[in-house]
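In the two assemblies presented below, chain A is common to both, partnered first by chain B and then by chain C.
Up next, the complex of A and B:
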């Protein structure tokens, strides 16, 4: 029982750390521009596959490749805004459809190149090995992921509250029209927001996937569903809510998987159940102030 | 900013057009792959006298490609040997394929149905082989049965297909299974092998009782009867020595943390041996987490992906010490096995997956049945195929095909339908290890090619 509790806590924390990085970017984009970016999970997945593809083009220097991949995916996030989202940003349905299309395009592109065969990218691990205690082994890369996630989230919070761009982002988030009248280029802020969002998803993939595996081009949808659950639970656009929601969803899925009969199959329903319940009883989420639009 | 935006837009448009041209060229270049091919047929042969095999599988994925490769290779050998003569007319074999997308974790069964219809009505094939994911095959098998076309299963293990033959023969008599043996029989072969293995390994480790057995399985249709059989019978076969832990059935879209959590659970429950029952992508996750954490149990079961020679590289060597069922490896399983194995690698540059062996044997069997029946009429061919029983099996590269009465399902057990047990060993080599279900010295010579090696961290823990 002791090992099961440690297992639940460790895997719940790892889940929370990864969900918080992914959901933070997703929530940010919605909070600032009311943009429902359904391609967010695809950015995560694409990063993993680019880690797989790039070594054949570049010298095998993992940190250099990982850096280039993150920059590349960040730029793709920016281009997605300029080319696809910006022309349609006044219509929520249009944005949903175009980002849905983008997600599928990326998925099928990856499928054509790599199929659904799983691959390992373990050469990109930052810390190898495990830390053992008598009843459990902790994967070092996941321990690093937990701390890195906390640091990134803290730096991100500082960036949003202290930096000039962060203040502009908050201004646009609070009242886009007023921010525009105050001389803030709202389109540029949204562009940067999309890029930051893609950057966070990409960083999450670089930290997580080397200790996991590339589990097919459709794996991004699972992380997108979890992001949905996290931001709806925490509150759409609430950054604090996203982090708290991420850990709640992480622990609940881990608990379900370990302690509930047939839990591994039920665990994948947990995010969906959270989405439905929250939308019915508190659509704005735990920390959200804005109503869903 | 505006001009910058336009410039970026122009660059992206050029890139999109470039990609579009590339994709278009790829589609046109790839298109002939979908056409009917006649490998090994002489030039100028009469295309009115052909027998076309349709391959239903997930093309572009290992399972679908293996099905096509096996069928293609059989057609090549048949054609190079002069085809088949029916009523003084020589027929050559053609092969074509359609994509069922059944390996996709997000299964859409209608894609399999569409693929079956294209084979039957657009390409007008004479026979079909294939199937991998039971959930998909359950949908598209109906198309072949409605068309009264002989369809030979080469990859799906679920019992239900041949139960349908038995229960409603008139509706399903066109279905035969060449690969693999059914789920219950697979469970039986795991059981006999494991029961023997448990008793033997206990003798090697007097300081540790190897008795707690875990099951880690995909939550899919094909595992149900297999897992049930293992749970019910393994304790009995070991005289009550083995104890079954609660099985873990996981959703196939699981993440690495989910997999690690399951493996840690098994460790916490005191598992000594874990039986994976995996056909899809979970295997690589399992072995990656197993090797990383060096869990104190042995992995001994079914992991389809691990049959591939590329699995060592795909897992970065983490599959070492995994022992799994393997339909065929380079050994004397039948008198045809080694020659087929070498020729297949020479042709395709990689080892054959079990589905490739099944498709090769299926197409070879069609050729023999057509020749015996002297007809392409299924009503005349089916009785010939049904005549292959234990006293008169059809010799293949992966086994000797004989049917249980009324089911068109493979007889399981040496020397008919049985699996080998192979272990990944240090250095990326694979060895066929001894197992109770086949003799060390069989009718065709040695089957085993190496001894079982206990993972060193387990050896240390148990010693």
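Up next, the complex of A and C:
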């Protein structure tokens, strides 16, 4: 029993750490530009597969490869905004359709190159091995992930509240027209926002996937669903809400898969149950103020 | 009054049909129908009957499916990215009743479609609190989670696991008869969907799409009509799903529930253009035959480079979707028809 409780707490924290990184970027893009980016999960998945592909033609220095991959995915995020999303951002249907198409394209591209076999990218672990505290063993990479995630989230919060770009991001998210009248280039702010969002997703993948596995090209959708549940729970566009929501979803998922019979199967249902319950009782989310639009 | 109008319409039916047939759209439709009627009898070749002809059957099944998506998204403005739910659920219900309960095929088809309607209601009620892109993601989440539930984990065996149900009877052993059964159902479905979109109900759907607050203020119970739109669309998606199950004579989670099916509906309807129900048929035929051609081409060699084209097919489809949405928001059907009509008018000397 004791082992299960500790297991539940640890897994829940790991889930929360990873979901908060992914959902933060997703929520940011929605909050600032009302852009529903369905390719967000695909960015996460693509990072994992790039870690798999790049060692074949780059010098085998893990941190260098990881940095290059993160930069690559960030640039792809920026390009996706410039080429695909920007011309269509007035029609919400268009943005959703085109990011869905992009997500599918990335998925099928990965499928052609790597198929559906699971792969491991464990050589990118930053800290190897396990820590044993009397009878429990924790994977070191996950411990690192928890702290790294907390640090990144704090730095991000500082960046949003203090830096000039952060201030313009907040201005655009509050009132786009007024922001552009104040001399803020809203399109450029949105571009940076999308790049930050892709950057956070790919950092999350670099930290998490080496200790887990690449489960085929369609794994991005699962993370997209989870981040959707997180932002519905926390409130769309609310950054505090995303982090709190991420940890709640993380703990609930972990609780379900450990304590409930047939747990791992029910754990798949957690996001949708959270979405449905939240929509029925408080559609604007825990920290949302505005009415859901 | 309505009865008299109907009577008048029925009495004038041949004349009405004649005048419709001479209009450009009517003529084109009749031409397409004639071509589709003649196609099965063009050749007796085994490959033609057993490989090429079923592609038409498949295209028509997906045409119904894509049209049902267009009714929900194009006409009613409720973006659904989880249409595979209805498609898959109906297929599974149909397969279950045939294989495990010994029901006749037609009863199972009706039960499957009604099951999809029930799911439309079930998913419609919570999801309709969502608007626009949220709804898209909500329905997508639903379909992804259903797929996971059916595919893996300890609950999957209740739902027949990743193997699904196989050994279903097909609609008919003769591909030509199967073709005509689906053909008739496709025509009926299209007539019903187009009539719905032109009827008072369709006008209400369009008013909700264009201005929901305005529709609400004019005394339309928007929630009720949105649920109705979901249910009607689910019915046709379910019908297509049961036909698809019987066409493959098997159901399995990835084949029937996969995101790929939702993607197909979106792809086909967007290629033809949203809100043109017939565009869905054009898209369905285009993509099913593109897939067929790509599989037929198979491996090509350019110098040292060996490319298996059939592996790339969905990547190519996704690229087409991106290009169509990015550069041709109205789809390609209407612009093509307009150009053809201009040509027609010139030829007729108008």
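In the analysis below, the second predicted complex is superposed on the first by the 293 of 293 C-alpha atoms of A that agree within 3 Å, B and C clash if a C-alpha of one lies under 4 Å from a C-alpha of the other, contacts with A are read in each partner's own complex, and residues count from 1 in each chain.
Just so we're on the same page, a contact is a pair of C-beta atoms (placed from the backbone, for glycine too) under 8 Å apart; a residue touches a chain by one contact, two chains touch by 3 or more.
Every value quoted in this text rests on a predicted model; they were computed, and no experiment measured them.
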item	value
Combined model on chain A where chain B meets chain C, clash or fit	clash
Touching partner for A:262 - first (chain B), second (chain C), both, neither	both
A:218 touches, of chain B and chain C: first, second, both or neither?	both
Touching partner for A:271 - first (chain B), second (chain C), both, neither	second
Chain B collision site on chain C, chosen from 164-172, 182-190, 236-244 or 326-334, when both complexes are overlaid on chain A	164-172
Shared chain A surface residues [contacts with chain B and with chain C]	83, 111-112, 218, 221-222, 262, 264-265, 268
Residue ranges of chain B in contact with chain A within the complex	1, 5, 8-9, 12, 26, 60-62, 103-106, 219, 248-251, 253-258, 260-262, 264-265, 267-268, 281, 283-285, 288-289, 292-295, 305, 314-316, 318
Chain A-touching residues of chain C, taken from the complex the two chains share	73, 79, 81, 126-127, 129-134, 136-138, 140-142, 144-145, 148-149, 152-156, 259, 263, 266, 270, 274, 311-312, 314-315, 317-319, 321-322, 325-326, 329
Chain A residues within the chain B interface of the complex	3-4, 7-8, 11, 14-15, 18, 79, 82-83, 111-112, 115-120, 122-123, 129-130, 135-137, 139, 142, 185, 188, 208, 211-213, 215-216, 218-219, 221-222, 254, 257-258, 262, 264-265, 267-268
In the complex, chain A residues that touch chain C	36, 38, 83-84, 87-88, 91-98, 100-102, 104-105, 108-109, 111-112, 218, 221-222, 224-225, 228-229, 236, 262, 264-266, 268-269, 271-272, 275-276, 279-280, 283, 292-293
